[in-house]
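Pasting the structures here.
Next come two complexes built around chain A: one with chain B, the other with chain C.
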Partner chain A sequence: MSTDSLETSTAPAAESTDEPLLRATGLRKYFQTETGLLDRFLGEPTHVKAVDGVNLAVGERETLGLVGESGCGKTTLGRVLSRLYDPSAGTLEFDGEEITDLGGDELKRLRKRVQVIFQDPMSSLNPRKTASEIVAKPLEVHDIASGAEKRERLAELFDEVGLQESHLDRYPHEFSGGQRQRIGIARALAVEPDLIIADEPVSALDVSVQAQIINLMKRLQDKYGLSYVFIAHDLSVVKHISDRVAVMYLGKIVERGRKEDIFGNPQHPYTRALLHSIPRVDGERKRHESLLEGNPPSPIDPPSGCRFRTRCPEYLGDECAGTEPELRAVAGESGTVPPPERVEAISTGGESSAEHAIACHWLGRSSERRENQDPMS
Partner chain B sequence: MSEPLLDVRGLTTSFETGQGRLTAVDDVSFSIEEGEVFGVVGESGSGKSVTALSVMRLLDDAGTVEADEVRFDGTDLLSLSESEMRSVRGGEISMIFQDPMTSLNPVMTIGEQIAEVVRHHGDVGERTGFWSEMRRKYVTGTSTESRSWRRAIELLETVGIPEPEQRATEYPHQLSGGMRQRVVIAQALAGDPSLIVADEPTTALDVSIEAQILNEILELSDEFGISVMLITHDLGVVRETCDRVAVMYASEFMETGHVDDLFEDPHHPYTEGLLASIPRIDDDREWLSVIEGTVPDLIDKPPGCPFQDRCEYAFDLCDRPLVEYELDSNRRARHAVRCHRENDRVRVDESGHVTDVPDEAVAALERRIEAGDGSSNDATVAESTVRADGGSPTGGFDETERRGDRDEY
Partner chain C sequence: MTVSSRFDTDGGRVFGLRTDLIEQFIGTVNRDLKAKLGVVIVTLFVIAAIFAPELAPYDPMAQDFAPLQAPALSSETPLGTDSFGRDLLSRLMYGARISLGVGLGAVLFGAISGVLLGLIAGFYGGWIDDLLMRGVDVMWAFPWLLIAIMLVAVFGQGVWNVIVAVGFAYIDDFARITRGEVLSIREEEYVLAAESVGLGDLEIVFEEVFPNTVAPIIVQFTVLVARAMLAEATLSFLGLGVKPSTPTWGALLGQGRDFITTAWWISILPGVLIMITVLGINLFGDALRDAFDVREVDSE
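Moving on, here comes the complex of A and B:
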């Protein structure tokens, strides 16, 4: 393993001028597993390590896509980022301010700036409230508008997300899935937030409706200068909406970078395998060998060393089982050399958050040897 | 050409609701050849699942199923008695459902569940009477020496479950989602089927597991020559697994054809719109194209094309009843489209918009509607569409030749 890599993710470039909107450092979230009484007295408590040491940053007007298989911790990470869960360790900064331990009124003020959109619009909308009551709630809670002004703002919001004014007094069950998700978006938008954490916002919707919602979210971003953390398991959707992408596996980020890097020049074996297994509408059809065998291991007791090693097509042996690889910038070592302007950007520390980094021992191999084993070639 | 394995003609299923009659499947015809993977793709609520359930006669009294013909391997499924039908289900035709957790019994070991199907459909010479099953279920369990149990282990091995002897004694909750779906596939294989109806078999699974399961289904289909009817909403899945595919919208089959033809050169505006609205991994469009509007109400559905309100090419003929137009010219399989734009007398410009509807186009359509048949292999229909310029239908099929200027769009 070479040590002269350009930068590790734990030390953000000090000279970086544009501070990201949201920054997470060494973020962890453990859940204690339910144990019997005897175990509680005798044994060590066991933990599900849902998020286990994540560093990430979300810039202004930027969309960060978070992908991974189910159970990899992406939803938990989203909830920690929005402070719906308290992190077990690590720090969270929002707009230059530490928000890790905020409580009470301060937390409420944060809520006004960070909003969440959930996956299933049916279960995230109260079935006994009308659409207008649902969307008006944040306006009341944060004392933004009342009376006629509120009604006016509601109509405006509904119009913004593509609903009609006649929809205001309907109940959630009277809407279609896509319309319900629009209500969820209107609710998040009501307080004029800076950051929206969207947890699988389109995965419960049909393809044609998906396209409508994705376009809506992009339009709103352009108009209001929103930042998104877009959590999804569907890589093509993520590619479409994101500026940068982080790939998660068992509670850790294994690769991150601009979407062009992740989709055009994926480096981590997991990312490659994941991209490879998407059923494609165009191109080669039928029966590729699946690169990913088996299931992800348990996050209670993750494998030693690299967590992906049990399923990795590039498994190198002791090296992978021994130490846990850290996120390192690809630029200097990548088999496929990145365009010069990017190398420069990375080496000057300019866009530290946009760098393409992966956590894998395989990257340390010479490009020649890697090419011989390359699953994509 | 040999007889198809499953031949469905004019299938119509409707439900009586408080608001009126809901037509969930509207005059659908298709056939599945031996060893073929046939896909039915559509959005939720388009009637894909009801089509499958109607063929399997699993709707009970909930809906009314009418059809000109549902012929499977030479027998008319609609005329079978319920007990005969029961031996077909799980035997000759078996089903895989979307959610393996709800299609498996949570309080029986997976070995027992598969062994039970083997006994009922697999001809292993073990008693399957009520009391024998009860004794097995509550007292003895299936003997690990019995043929049905050993066959169950074999099947688990076939579908790629490691340590099948051990796994067979476990309960569904002890397995992961992908493993559970493999168990359901093993169960579907137990009756030695010639057709498997898979209703969204991978929708509940992760992409990496999805690829494994789809590969498994395809391999089994190849190895044992099993036909598969694959119902899904995922066009990517269809593209990678199916031989032929039907696109369903608002209870009707809008376009049917070989998967390559349909994806490379879609003819129905809905298929076109659907393909354009998927985010693809290798495109760099800023905005996705969108089909505006929503699916029409299926209760008391008006005649005419159900897509007309959302269709950018809609023209005068669209509120007439739909008929099926068949495309020829180097198609890999029979390609049928239900869209009046394909009427060969209707003039269409390069962008695909209709420019002129001459009277004879209307007349030809009316003759077909009067003939009372949307399907195309009707001799009188074929007669009526003989082209003035000397083109003539072949093989008794109504041909609608694609004009050159349509190739571009």
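Moving on, here comes the complex of A and C:
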């Protein structure tokens, strides 16, 4: 790996858990863009850098919330973490063993321990299979149960996720969105995994149903000691369920920390803008103009320096276009600001935990100057 | 015990088809007059073909020159005889066996080969896709009649050779349709979900992908059965089909051509039968598609 590795400079912001269940180091996933025959021979291949150097760790019985706008690469990251996609570079460790290049039977064994819940509860269930056929599949594939035992286990699983026995022989289109997602959860739960990667599991659901699904996932976590990587495009969704939060922008993690750090003391301009734009419950004040304009730039050719500089409400100056900022610990550094006024702060006493880190050029510069030009205060 | 039957995930299948789909098909037929017509026509012709030996009044090969003197249409031979004094009704019934058999067989041959190619090409993509689909393009570039003539010339006349010769031309249709469906289904999350559960490639292709491609394949199948019957007729008309004395609708049509001014029915009747069968099969196919297409149910 080249010198832009985040490893060396992030020592103070090392991931929390001593022996995490899942650890990703320098993870990258590039997709070659679709090219014609002629381009393939003549032109230089272009790549979509969907995930571009991500380090993260998920501890046992812990939930990591992964947040970012559409197109920031969070779904791709989730799929690489679950080994549905092969990483282009970097390493993945699960339970102390490297799983980056696993294949065949070893990969199948990993699938028993790492499961996935998908975003679209309609698209993630085969329309031609009944609910019981869908949930029974993992039991069959991994030889967990068959015959009477399988039927018993199915009834148990359905009960666990809040579905009824009478639902077993129905087809996906006969269920509501929330029920379908419960089937998806039952499928993931069937093999009794240690880690579940949940890719925007509630984004497609009504708000009232969202809460039910999140509560269900939380209860299952407590009961089975599960770890989650919970992907969402909305910070308010992960607030309830996460222990740690990582904020992603254009293939990179720009801020990470304990939940209290992110919600009580956000420091990256992107996180702050995201929190600022969450509509508040007290209907009095109108919804703020979002400070984030337009769409993220193309991940084929990200901006030089800081990737966020083109949309940053707290643009610092030429530094931002120069070098790419690296994730550095926030604790004890200057260049920090109080949380934006609209944030319903989780009290942290303004102290960052040791793992709270951001990738921003403001860090180490004048806090006073940043406060003076803060558009969110 | 009612509980066990409700849990019985492997049950409820007849010949590998889920009983609820069969029920759906029956429902469609009951509702839709066109579907009913299709089913009646297809059933009638299939019965006539299967039971031709029992139903036909005469041996289709038996020649009897006596009636030639008499008017062709008589109470003994309701549809008359051909120039060799063979009973036309019997020949038409026997002809249904070859025409329907070759039609179904040829398309089945094309469908199995083409669907397999399309599944592999669409699922794996990359150079495998390029290789297979460019090969299919080459097949597409040849006129089917040329290929058929070539195959018959090389392997000789006969039912099986005609089936292969006609079906060969349909491989590319099925391959292209299947590949297109697979490309869109591969993006569905349930395919990823199957992978995340730990299913192997083969299981994913045949359990998750293939069942969701069948609707357009069935439609194509029925359209092509009709076309294959016409193709068989063409080959027989040209004298390239099965043995000349064997009755097939195409051959009858061709043989009657010489008498079109004096005994028009010898040519017209097999032609009309071909037309009705083609219509019936198409209606039947529409009904099948309506019954099997879960996506139409969803959109309601």
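Everything below uses one rule, namely that the second predicted complex is superposed on the first by the 334 of 377 C-alpha atoms of A that agree within 3 Å, B and C clash if a C-alpha of one lies under 4 Å from a C-alpha of the other, contacts with A are read in each partner's own complex, and residues count from 1 in each chain.
Here is the rule we go by: a contact is a pair of C-beta atoms (placed from the backbone, for glycine too) under 8 Å apart; a residue touches a chain by one contact, two chains touch by 3 or more.
In this text, all values refer to a predicted model and were calculated from it rather than measured experimentally.
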item	value
Combined model on chain A where chain B meets chain C, clash or fit	fit
Which superposed partner A:S298 touches (first chain B, second chain C, both, neither)	neither
Which superposed partner A:S146 touches (first chain B, second chain C, both, neither)	neither
Which superposed partner A:S123 touches (first chain B, second chain C, both, neither)	second
Partner chain(s) touched by A:T323 [first = chain B, second = chain C, both, neither]	neither
Chain B versus chain C as contact partner of A:L154, first or second or both or neither	second
A:R111 touches, of chain B and chain C: first, second, both or neither?	second
Touched partner set for A:Y171, first chain B, second chain C, both or neither	second
CA minimum distance (chain B, chain C), superposed complexes, angstrom	10
Doubly contacted residues of chain A, that is, touched by chain B and again by chain C	none
Chain A - residues contacting chain C, complex	79, 82, 84, 108, 111-112, 115-116, 118-120, 123-128, 130, 132-133, 136-138, 141-142, 151, 154-155, 165-166, 168-169, 171, 173, 184, 187, 191
Complex interface listing, chain C residues touching chain A	3-4, 6-7, 9, 188-190, 192-199, 203, 207-208, 211-212, 294-295, 297-298
In the complex with chain B, residue positions of chain A that touch it	69-70, 176-178, 206-212, 214-215, 218, 233-237, 239-240, 263, 273-275, 277-283, 285-290, 292-293, 295
Complex interface listing, chain B residues touching chain A	43-44, 176, 178-179, 206-212, 214-215, 218, 233-237, 239-241, 259-260, 263, 273-275, 277-282, 285-291, 294
